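First comes the structure, then the notes that go with it.
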Amino acid sequence: MAMEIMDSLSELRQQVYEANMELHRRGLVIYTFGNASGILRGEDLVAIKPSGVPYDALRPADLVVVKLDGTRVEGNMRPSSDLATHLVLYRAFPHIGGVAHTHSMYATAWAQAGREIPCLGTTHADYFHGPIPVTVPMPPGEIAGEYEHNTGGAIVRRFAKLNPEHFPAVLVSGHAPFCWGPNAEEAAQVAVIVEEIARMAYHTVTLNAAVEPISSALHDKHFLRKHGPNRYYGQP
Amino acid sequence: MAMEIMDSLSELRQQVYEANMELHRRGLVIYTFGNASGILRGEDLVAIKPSGVPYDALRPADLVVVKLDGTRVEGNMRPSSDLATHLVLYRAFPHIGGVAHTHSMYATAWAQAGREIPCLGTTHADYFHGPIPVTVPMPPGEIAGEYEHNTGGAIVRRFAKLNPEHFPAVLVSGHAPFCWGPNAEEAAQVAVIVEEIARMAYHTVTLNAAVEPISSALHDKHFLRKHGPNRYYGQP
Amino acid sequence: MAMEIMDSLSELRQQVYEANMELHRRGLVIYTFGNASGILRGEDLVAIKPSGVPYDALRPADLVVVKLDGTRVEGNMRPSSDLATHLVLYRAFPHIGGVAHTHSMYATAWAQAGREIPCLGTTHADYFHGPIPVTVPMPPGEIAGEYEHNTGGAIVRRFAKLNPEHFPAVLVSGHAPFCWGPNAEEAAQVAVIVEEIARMAYHTVTLNAAVEPISSALHDKHFLRKHGPNRYYGQP
Amino acid sequence: MAMEIMDSLSELRQQVYEANMELHRRGLVIYTFGNASGILRGEDLVAIKPSGVPYDALRPADLVVVKLDGTRVEGNMRPSSDLATHLVLYRAFPHIGGVAHTHSMYATAWAQAGREIPCLGTTHADYFHGPIPVTVPMPPGEIAGEYEHNTGGAIVRRFAKLNPEHFPAVLVSGHAPFCWGPNAEEAAQVAVIVEEIARMAYHTVTLNAAVEPISSALHDKHFLRKHGPNRYYGQP
């Protein structure tokens, strides 16, 4: 492996480690739940959390590096059992650089309820250009077969008409959210924000079951002040 | 700038910094959400959080100082994108010295539900002399135009018949609360208390959907034992 | 004052300080909310939190000591504005040695909803020999008059047929809980447990609106294994 | 007692201590609530938390060691008042090595509501091969008699057709969960996970009262990828 790839890979490993620890620090994962990964585009190398390792014990060296086809390149441990889902997402969504998966409380409740999260306020509109989508439940044959790979397929089908850069997360029906971003750390931040939005929406609909989504004027305003060529939120 | 103004400005900066950190410490804001500001009356200088800077990294020197018309006086960063809303409030409510804006969980749920918070107990009555008001949703033209400025306008319209000293916060419909007080630190404390009141009211109405507000006798008693000439709560 | 009274008073002061800090540590109170007191029976001296002092700044020396009629004996600050309620309880319930008052989230929600807390499980039965009672709302004349004193009166009326040793707390309608015990520290622990019971009951009735209280056989069993001559919980 | 038994017992004591502290660290127990135990199979010695001792003060030496018939072997304190329930479980379920009992918030709410927890998602399916069962309420005679022993009996009756290795916890109606595992530490982890599942299910059914359990295909897939001969989750 060339020296510069090794440097990039070492940086990727550190960033994926930090992303995993962010999930833990924010209380989105307990014990060995959840996982975050990142990809080195060009080389198509993916670093991901090993399976079944508790966060308290996780070190950057424990991460497993694989090719886009799943072949192991570095690391002695088994990768996360959800690896195949991550790989499908990296192949289907060429602009993403990181994926984070949690079973965070409120996002999982919406996924279990089989309901997309409607856009009820500007917090949501700041990050998603529409409702947070939920997948169609998978047929038994897909579950019995290459389950984790097919979970990725169910997500990709749900995005047939959606832009993954405008919708950086999905709820897998009866399961939990998968989130992404330009790199592993931003994917982990999306996971935190999806949980926050899901929790706000839960309390809103239990307070007012007949609540309507905000207007498209307000939705567009908030999404576009943070995204796209005319954004003015944050520092230039 | 005269020496004494510089001293006052340095003190303001410190107080606005503390107010922002109080929002963070109490769990009302995550990442770069929310913002607090304070004003130096007489000089009409406003210090506010810069846009998109995470609280963990925030230092007093990062605060941006502007005139009441928004012209930047000190600081290298862009001010909070909500600055224009703060400025409208400072101009319309001459007795306030600080403003705090958060997307705190329960206050935001009421704002998203489009419901004012009824006064269901003495905790609420200690701080507000009536329900916590909610604004009327803004028309598309106001959203597409000077949105943050017009958000301030929607708040001011809602206060046409309300005294902002007796109602130190408002819920912006489909958005979140704006809170104020005699200075930035008290504005931040109001933000904490509004969240507490919103959370109590949420649990009360989900426990008893038919609950009535407390009597005006009890409401007046609690509000007036903490406010006005005959107050007897706290130290003299 | 005799030396031994001074020693006892110093011990009382320390215990009341600890009780107040326990309320803070357990998240039952924010800022200056709530207060705990203790009494030196025989001398009839009561130590209580000063009014409007934040917990972070509270020191044992700040506590105010008064006689049972409210006359100040020690301390430079005003006592808690709820002092008169505490004094009524000490006079009416001769076996109690401490009182704790909070606006804790779930107990306050039940108080605001005007509902007594039914005994839905053994956690409740371990501490209360029946539902946690709620007072009748006070008439306007009692609110406008000696309000805090009359709040005590409303509690005492509610206990006309209840034994305060078997029911160590009450919900004041539209306000919040008052709790008591053999001393200030146990009163504070009751406040923690009342919040826990209120929170469990909230989640139970929102899960099953038609839930029935547990059987009197189970209720008696749990209450009596912790209280009375045949108790066998804890160390002898 | 032979040297090697003493060594094994010392190890058991340490593990049971850690299990109890895990319940405390994760916020499942307050004050003296709850208890965990472990068994040395072959010797049939059980180590358990003493009754009424707060977790902050608990040391490994405080644990009480008893035989399977309840006779005390080591320790000066009274064992947990729930000991008899633990002993019934160790006798009836020969493959378990640890038991943990808590009054954790959401699991207790389901127990108080008298509802089994349906399997609404993969988090649940990862640990239970069906709904989390609830016992039938005990008749008054069983409550008045050997109550804690009979609580164990009610659990065992509920498992007449269930495999305790595929269902590592039960909700005792009107009371709270009992959990188990191959040793005390895993039993405590099950208690943490049961609380997580109960909380997810609470938020799911309050979001969608008509929600259906996940398909048996998905349920089987998740349970079997973590359990049994073809498991592939975690490290080999």
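When the chains are written out, they are named A, B, C and D in that same order, and each has its own residue count from 1.
We adopt the following convention: contacts are C-beta pairs under 8 Å (C-beta built on N, C-alpha and C of every residue); 3 or more make two chains touch, one makes a residue touch a chain.
As the structure is a prediction and not an experimental result, all values here were calculated from the model.
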**Request:** Same or different, please, for the subunit A to subunit D contact, judged on whether over half of the interface numbers appear on both copies.
**Result:** different
**Message:** Report the inter-centroid distance (CA atoms only) between subunit B and subunit D in whole Å.
**Reply:** 47
**Request:** Could you tell me the distance, in whole angstrom, between the mean C-alpha positions of subunit B and subunit C?
**Result:** 33
**Multi-partner residues of subunit D (each touching 2 or more other chains)** = 206
**Message:** Judged by the touch rule stated earlier, which pairs of chains are there in contact?
**Reply:** A-B, A-D, B-C, C-D
**Prompt:** Where on subunit D is subunit A touching in the complex?
**Reply:** 120-123, 189, 192-193, 196, 199-201, 203-204, 206-208, 211, 214-215, 217-218, 221, 225, 232-236
**Message:** Can you tell me which positions in subunit B touch subunit A when the two form their complex?
**Reply:** 30-33, 50-53, 77-78, 81, 103, 105-106, 108-115, 137-138, 140, 143-144, 147, 174-176, 202, 205-206
